[in-house]
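My structure is below; once you've seen it, I'll send some questions.
By letter and in written order, the chains are A, B, C and D; residue numbering begins at 1 in each of them.
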Amino acid sequence: MKRFIAILLAVAMVLSLSACQFLPKLEDPDTTPAATMQPEDAANAVDKILEGKTFENVYKTYFSSSYASFNYYSTAYATVREIIANCIDGLVEPNTYGVYVPSLAESWKSNEDQTVWTFKIREGLKWIDHTGKETEYAVTAQDFVDGIRYIGDPLNGAYSLRVVRNLIEGLYDYYWLLDDIDSGTVTDTTREDAVATFDEVVGVKAIDEYTVEYTLTSSAPYFLSLIESSMLMLPVEYEYAMSLGEDFAIDNEHMLYCGAYYVSAFERDKAITLTANPNYWDKENVTIETVEYQMIPDGTTSLEMFKRGETDYTSVEAEAYLSLQGTEWADNLLPTSHSFSTNYLWLDFAGENPEFNKFINNENFRKALMYSLNRESLASLREPVDPKRILRNTINAEGAIYDSNGVDYTDYSPLKEIKETDYNQPELAKQYMEAAIKELCDENGNIIGCEPTTVDYLPVCSFDVDGKLPVTICYVGTDDEAEIIMAQLFKAMIEESIGADYIDFQIQAYSGWTYGTVADPLNYDIYFDSLSTGYADPSGILTRMTTDGAENVGKYNVPEFDALIEKALAATTFEERLQYFAEAEAYLCGNGFVIPFISSLRGYYMSYSVPYTSPLTLYGNTKYKGTLVMSEPLTKAEFDVFEAAYDVERAEALKAN
Amino acid sequence: MENNNKTDSSRILNPLKFRAAVFDSMLSEDTGYSNYSYWRSTIRTFFKNKAVLALVVLIAAIIVMSFVYPMVSDVDPNKVSLFITDWNQRPSAEHWFGTDTLGRDIWARAWYGVRNSFLLAFCIALSDVGIGMIVGAIWGYNKKLDPIMIEIYNVITNIPSTVYLVLLAYIMNTSYLTLFISMASRGWIVEARFFRNRILSIRDSEYNVASRCLGTPMRRIATKNIIPHIISLIIMEAALCIPYSIGSEVFLGFVGVGLPVDAITLGNIVNHGRASFTLHPYQMLLPTIILCIITVAFYVIGNKFADASDPRNHV
Amino acid sequence: MSNNGHTSPKIFSAQDVEIKFNLRGKVLTALRGASLDLYEGETLAIVGESGCGKSVFTKSFIGMLDKNGSITGGKIQYRDEDLTNYKTEKDWLKIRGKKIAMVFQDPMTSLNPVRTIGEQITEVITWHFGTEHEQAKKEAIEILKKVGINDAEYRYKQYPHEFSGGMRQRVVIATAIACRPEILICDEPTTALDVTVQAQILNLIRELQRELKMTVVYITHDLGVVANVADWVAVMYAGQIVEYGTVHEIFNEAVHPYTKALLQSMPQLGIKGHDLYSIKGTPPNLFKEIRGDAFAPRNADAMDIDFEEEPPVFNVTDTHYAKTWLLHPYAEDYRKSLDERDAQIKQEKKAAEPFNYTDAEKLLEVKNLTVKFKLGGKEFRAVDDVSFDIFKGETLSLVGESGSGKTTIGRAIMRIYNKVDGQIIFRDEPITGKLDRQKKKKLHMEMQMIFQDPMASLNERAKVDYIVSEGLYNYHLFDNEKDRLEKVENIMREVGLSSEFASRFPHEFSGGQRQRIGIARSLVMNPDFIVADEPISALDVSIRAQVINLLNKLKRERDLTYLFIAHDLSVVRFISDRIAVINKGRIVELAECEELFAHPLHPYTKALLSAVPYPDPDIERNKKLLVYNKDMHDYSTDKPVWTEITKGHFILANSKELEAYRKEIEKQG
Amino acid sequence: MGKYILKRTLNSLLTVIIVFVAVFMLLRLMPLSGYFPQDMLKETDEATRMSYLRNQGLLDHPVKQLFRFIGNLFQGDLGRSLTVYPKVPISTLLAEKIPVTAAFGFSSMLLGIVLGLSLGLLMVRFKDRWGDRLGTGYILIVRAIPNLIYLFFIQVWISLWFNLPMVFKKDLPSSWILPVICLSLGSIAWYALWLRRFMVDEENRDYVKFALVKGLPKKQVLRRHIFKNAIIPLVIYLPSDLLFIISGSLVIESLYAIPGTGGLLTTAIKSQDNNLVQVIVLMYAVLSVIGVFLGDLLVAAVDPRIKLTEEE
């Protein structure tokens, strides 16, 4: 499951973010001279290509894991995000250059410290149903308030609630009051009474029919990107949703739409058809009439089907990329550009394995691990041509967060140093390991204070440790083929650089819900996962990584980091905030509490769509609004032209903003 | 019928021969002697088919090779390379069947895989047939047990195997033992039923009744009267168990209840190879061919043995 | 043609037919030059033991040899057709079933169980004559009526399992004659049937033959049947016809030693208290080349020439010929001396005194024995309230048709069933229910059983040595290995087997030898009482006498008591002191042997006795069949009781019947 | 007959109950954290999770949960999926998925029976000749080689050679071809194998010899006599296909992206969607006992010798 989410995220990113050229530091796989061209030339070149093209009304794409439900508040499935992004509009949306432009909100403003945001809603819009017909329900400010009302009720089981619940004034207390009433801990008030207080206590209000105002607990300059990324900020027709109860949005017929498309056909686990909304407020910019999704369970099949013209898009994994070289398709391979999702290693600081536990709490050992990873080798699993471009040493992705001066968050010192360090230093790793051994072991290789025992990581595994070197490390991953290969590579490089006489690296593959059975009960020593920068603020990830944060799966204890996060949150300016966050992140990464190594990017793709024609949804999911679909596959040469032109245009656009 | 005497006039008969001969009672008894031997006929019928002989030789060669190779070879089948240039190499002099995604030698892995898979399958066959036979014997012989056993059979075969496979995976390590237990957890009852049906037909045969009249204890009835009659079935079932076990190992790998990732088995190799099949078909080629040879061979051997052990086919 | 005794034209001729089979890589010569002619409307019986080639011979007439067999010599001619030239199925279909039809032994398996009998008859008619289905159906119903099936229209739609054995054989016959064939070959048509039904079927065939003017060929080992039906008899031995003649010639003036031996070994011809004449050894192995007269090794009176030269065919009369050197002029003296000796022996034998019951000691008492079985959820009584005693030293026979419950009684006594009702008392101790180990051991050592099927009752995978000493092992009845071997050797010798046989497996033996091994296995325990469950019914005629003699010998020497279970009254009469007749789970009559044959009272006994075949054509053709029907009794109010009507003569009857029986006895005096 | 059916039904019911209760209770042994998808666990704190579990009734005593489930069952409420398809009523799910799988299952069963029996007949007709050898080879391949291997080859190569779609699409009839063929490969082999074996057994029966002696041609005897008898033992298993029709094939459905029930159980178990698992297990158990039961009824209908009262 995790893999699918990762792929989907990557796919989504790839589709939308076909540009990262505003980051001059990142090397392009093959740098083209077009990068230096003049805006007019670029535009002309693009026009020239587009002149000879015919465009399609239908876009055929695929998904690889099931669409469980369309309930955008409660579903945990990342797959749903793409459908919802196209079917339910939020208050704002990015344009093709990533600049926020009006969507359902015509205009917005915030107060000085960016704690109160007021949005003016577009008037006269109606919700439509799955047949595309207008319903009696109008899209109003109340729908946005009701969205929050919906997620504020524990019975509705809203997913990924934490950020929003903490950010919107009063929502946290409201939520727990209701929960206490449900569980019977609070008896002096009834549920009805508590629910009735929503409008008073929670910081979201419909000032009038078309004005909604959010009051936040802290300054949030990134609020617009949160609106883009979080489905919890989407509107709902409350009366309609309540009338359906639990049936709300279980399929396309039990929900209402207000976006560019509506789901006209839905076969669970099989196919989804999006049809353009005939009453859409921005109808003229909707270029594709129909988007057809079908389920294709694996990458090999999607590639085959792309070759046979059965789909308009396919991702091309590293191995496939190599095998396509020299075929007719070699010209159509396009590099994916960027992913905000970072792959990193969790380390278990409180696990039962006494050997690992001793060592992981030692800084030298953590550094030994850090320096033992040959990230390029790992990266070449996904990007065989230029593995360097997907290396990543930081948690938050480069290019995701900028301060008001346009300086990238990862260029803040001391994060910049970490970003630029080459961690593939086996010699250094060995030195650190020897240092650690000196500190932790006696001369006979016995780990001091460590008795032979049996480690019980059931249901994942159980094994015996002898309290001596080599240190037994239990790496737990999913049974996904690609992840197993990566794990085997980990094993090879760690044992090779640190030495198999110091490290005994054991791989356990586990299927099923890995978090619930592996990560949460600490049934692992090292675990591989990914994190994604959700919106234009490091807090999205970093606040979850504090000592008591939800993302601190390995139960490390980092008071220094916690303090820096406190400071960051309390900072008065956004730049100061970023500075503290950068320091905190550098602390965490530099000391090896987490070990990020590459981005989730997967090498290449092939497509029929013209790049840079859809909104640049950095934090959300692909929107098809504006996308042009050609009748033949895009070639690399064409792509380069588009890319060059886009770079120029985007620079212009950002400058103008 | 011609009614003429057909005496051959050319032959002169000796009148002295027309006298009483000495009667040899043993001679008269011995004419009834038949040299038919069940096992000899079975083996001969079995090997009469040249294809079967070839398969037996082939399978023996493969199994011997799979045990000898790990002993004599110094190639580490788990040796991972960190360099992309070593990955997915095409067959070459150094790597006869190329290397896999992480640069491991497929030739070496195939033989380790054959050994491990075969051992696993063999153990499963042993346990399925062994336990199945014992349970089947008790089941077949004890009429009172019958309704209970049938109920147990129904229940076990009715619970979808994935349910307890996953549950097993939950309570146990991924290891050969887990795989063994999960694969062997069901076969025995199917075998037991098979043997029960066979034993039921033997149970009331006259020679068993005769044994009971002689007061023969249960233990000896089992070892002397029953097992010798179903030994050919046991061999056949065990032989047929092997392709089935290998097949389910592949399937379990597909479902995700499998072996430790470092474990080299044919199932693991084939499942790995499947992912990159369209890209590097040679990676799957050798292991798949060996796997198919083994499963086909055992299937054929099992069936041919069954045919050969059927007295009706002793022609 | 005129002088060969046949009055009608010859329609079929087989000359010097040789048939070989490939079996386990070896060649078996099943037929070694057999010749036979068939004449219109006549009845020929081919007599022989199993394996003599009689079935193979007739199967070759219609091209039905098994795949591994082929005709390697000779000529088969039907009217103008040379059947040896027939190669394809299409050729054979011209005559198979249409001109030459065949009826098999077992009516229970000859009909397709899942098709109605009507369909199975109609399909023959439609196939051979291309008749319309409706018309064929009409014809089929006609034929069904003809073979004596009542309510034919209704039964046409029934399935075989809804018919009794006799009825099924009628259906089989109806199917066979549906095309009005010229030749009907009946392969042991009555062997699988009960004796009372047997006679009816033979009558039916005779009537049909007369009506349809068929030539009928019987293949049988039962000389009684031969005597009943045949005009002509051909005796087969080891793949050859050794003697041929009219039925009277064969029965009264047989010349071939094999024919003579066969007739003499019939228990009907035996004299109680003396050994039955028996043929030694077992039929020859046809895998080997046979030199001289095939019967010579078993013929105690064989001549030297018999071992060296194959005898030619000698004519006895115009209608009678045999293949034996005895008919050679050189052998005339020897033959005469043999005839004289036989006559003398016959005169010397006197029947033994009947068993003296006056001071006989009761060995076993069966009181109100009832055995119930569950079949299809319904309980039925296989044995229903049966009581009798067995006295020490006697042979009590239980006679009944298949399914009458006789075997069940034997097995109940042997404690094979866990639950029986009633009482069985052995030596004054009840033996039903649970017994302790000691008692069980004692019973196992005192009571033993001999089984019917020598093929099934020996463990194929154990050596004879183990089989025979199984009982010894169970109770450690030997001191050491040497002692055990000695015991085995002794008992083997006692049953007439070489002790060398001990290291062989059962399948290496012939049926008679196996039966002797089975007997040895029981005797090794030194029992006093033996339940012999149809010990000879699965054996060939020539072997039967051996086993009967052996049983009698053992009884004499070891002072045994037998409960002899059988369906063949002729054997029973020879071997037993008392006879109990059992029908449908109940003993209907029990009396001393001669008393029962002389004064049968119960209508079932009468019917049974009237149907017993006798190997004499004159008696056989004049016998009157009595038919038993359970509707003869009116037991609705007056229940039958087990009553001793005269001394030692028990009968199951109600008061009204008793009265009638008493009157009958008085009348007979 | 009525009594027999009643007895059988009670017996079957007992089996179903034992299976169901066993599975239900086993499922309750799984850890609570399993009720949450990975992302949800990371995103939520302990208290939120417990609140969710409580609201779903998952914290109640298993026995209470069992009785609640049974109670709802009698009101026609199968409950809602927990993790795989959050909140979607299971009845809706099944109503969506079963028809797809059943359509495939049914067509492949028909294909399997028709082709399998034809192949079996062919093999007997040409016993020990090319037809038989070819069929034996086919059976060998299908039964001996792990199906994953050849199914995969079929999807990649056969689809290419015959220009067929690689995945299933509802309104594209040609996309039905490969999955149906793949699904029926096994049952073709099964029917052919057993029909051949039973027919060869029947060939030695007396009634066959008698039918041949009657002068009927071999072909007719095969069809009218042997086939009719040999099919009876096969008929028993026919209704067991019912379960297969509904349960589908995990491998084939996942290869061809068929939105059926094939992988449903496995996914549900792996995702610890207990509500879904228990319903599916219940359904399968019921279907399989019905299958066995129907098998007996069918045999009784085909074989005139068997009357239902005679069973057991």
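Note that contacts are C-beta pairs under 8 Å (C-beta built on N, C-alpha and C of every residue); 3 or more make two chains touch, one makes a residue touch a chain.
Small disclaimer: the values here were computed from a predicted structure and weren't measured.
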*Quickly list, by label, the chains bordering both chain B and chain D.*
A, C
*Using the touch rule from the top, work out which pair, B-C or C-D, shares more C-beta pairs.*
B-C
*asked:* I'd like the most central chain, judged by C-alpha centroids against the all-protein C-alpha centroid.
replied: D
*Between chain B and chain C, what is the gap in Å from one C-alpha centre to the other?*
44
*Report the inter-chain centroid distance for chain A and chain C in whole angstrom, where each centroid is the mean of the CA atoms.*
91
*In whole angstrom, what separates the CA-based centres of chain C and chain D?*
52
_Need the CA-centroid distance for the pair chain A / chain D, whole Å please._
40
*Mind pulling the residue numbers of chain A that touch at least two other chains?*
300, 304, 511-512, 517
*Identify all positions of chain B at which a residue touches two or more other chains, and write them in rising order.*
166, 170, 256, 271, 277-278
*Name the residues of chain D that each touch 2 or more other chains.*
156, 270
*Which two-chain combinations touch?*
A-B, A-D, B-C, B-D, C-D
*Okay, in this complex, where on chain B does chain A touch?*
78, 80-84, 88, 101-102, 166, 169-175, 256-258, 260-262, 271-272, 275-280
*Using the touch rule from the top, collect the residues of chain A that touch chain B in their complex.*
298, 300, 303-304, 319-320, 322-323, 374, 377, 380, 384, 387, 458-462, 479, 481, 484-485, 487-489, 491-493, 496, 507-512, 517
*Across the complex, what residues on chain D touch chain A?*
31, 33-45, 47-48, 51-52, 54-55, 80-81, 83-89, 92-93, 96-97, 100, 155-156, 165-170, 254-255, 257-259, 270-272
*In the complex of these two chains, what residues of chain A are touching chain D?*
1-2, 5, 66, 68-69, 71, 74-78, 154-155, 157, 159-162, 176, 179, 182-183, 246-247, 250-251, 267-271, 294-297, 300-301, 304-305, 308, 310, 511-517, 519-521, 544, 550-551, 553
*Would you pull the chain C residues touching chain D in the complex into a rising list?*
62, 64, 89-90, 92-93, 95-98, 101-102, 104, 106, 109-115, 120, 123-124, 127-128, 159, 161, 172, 175-176, 178-179, 375-377
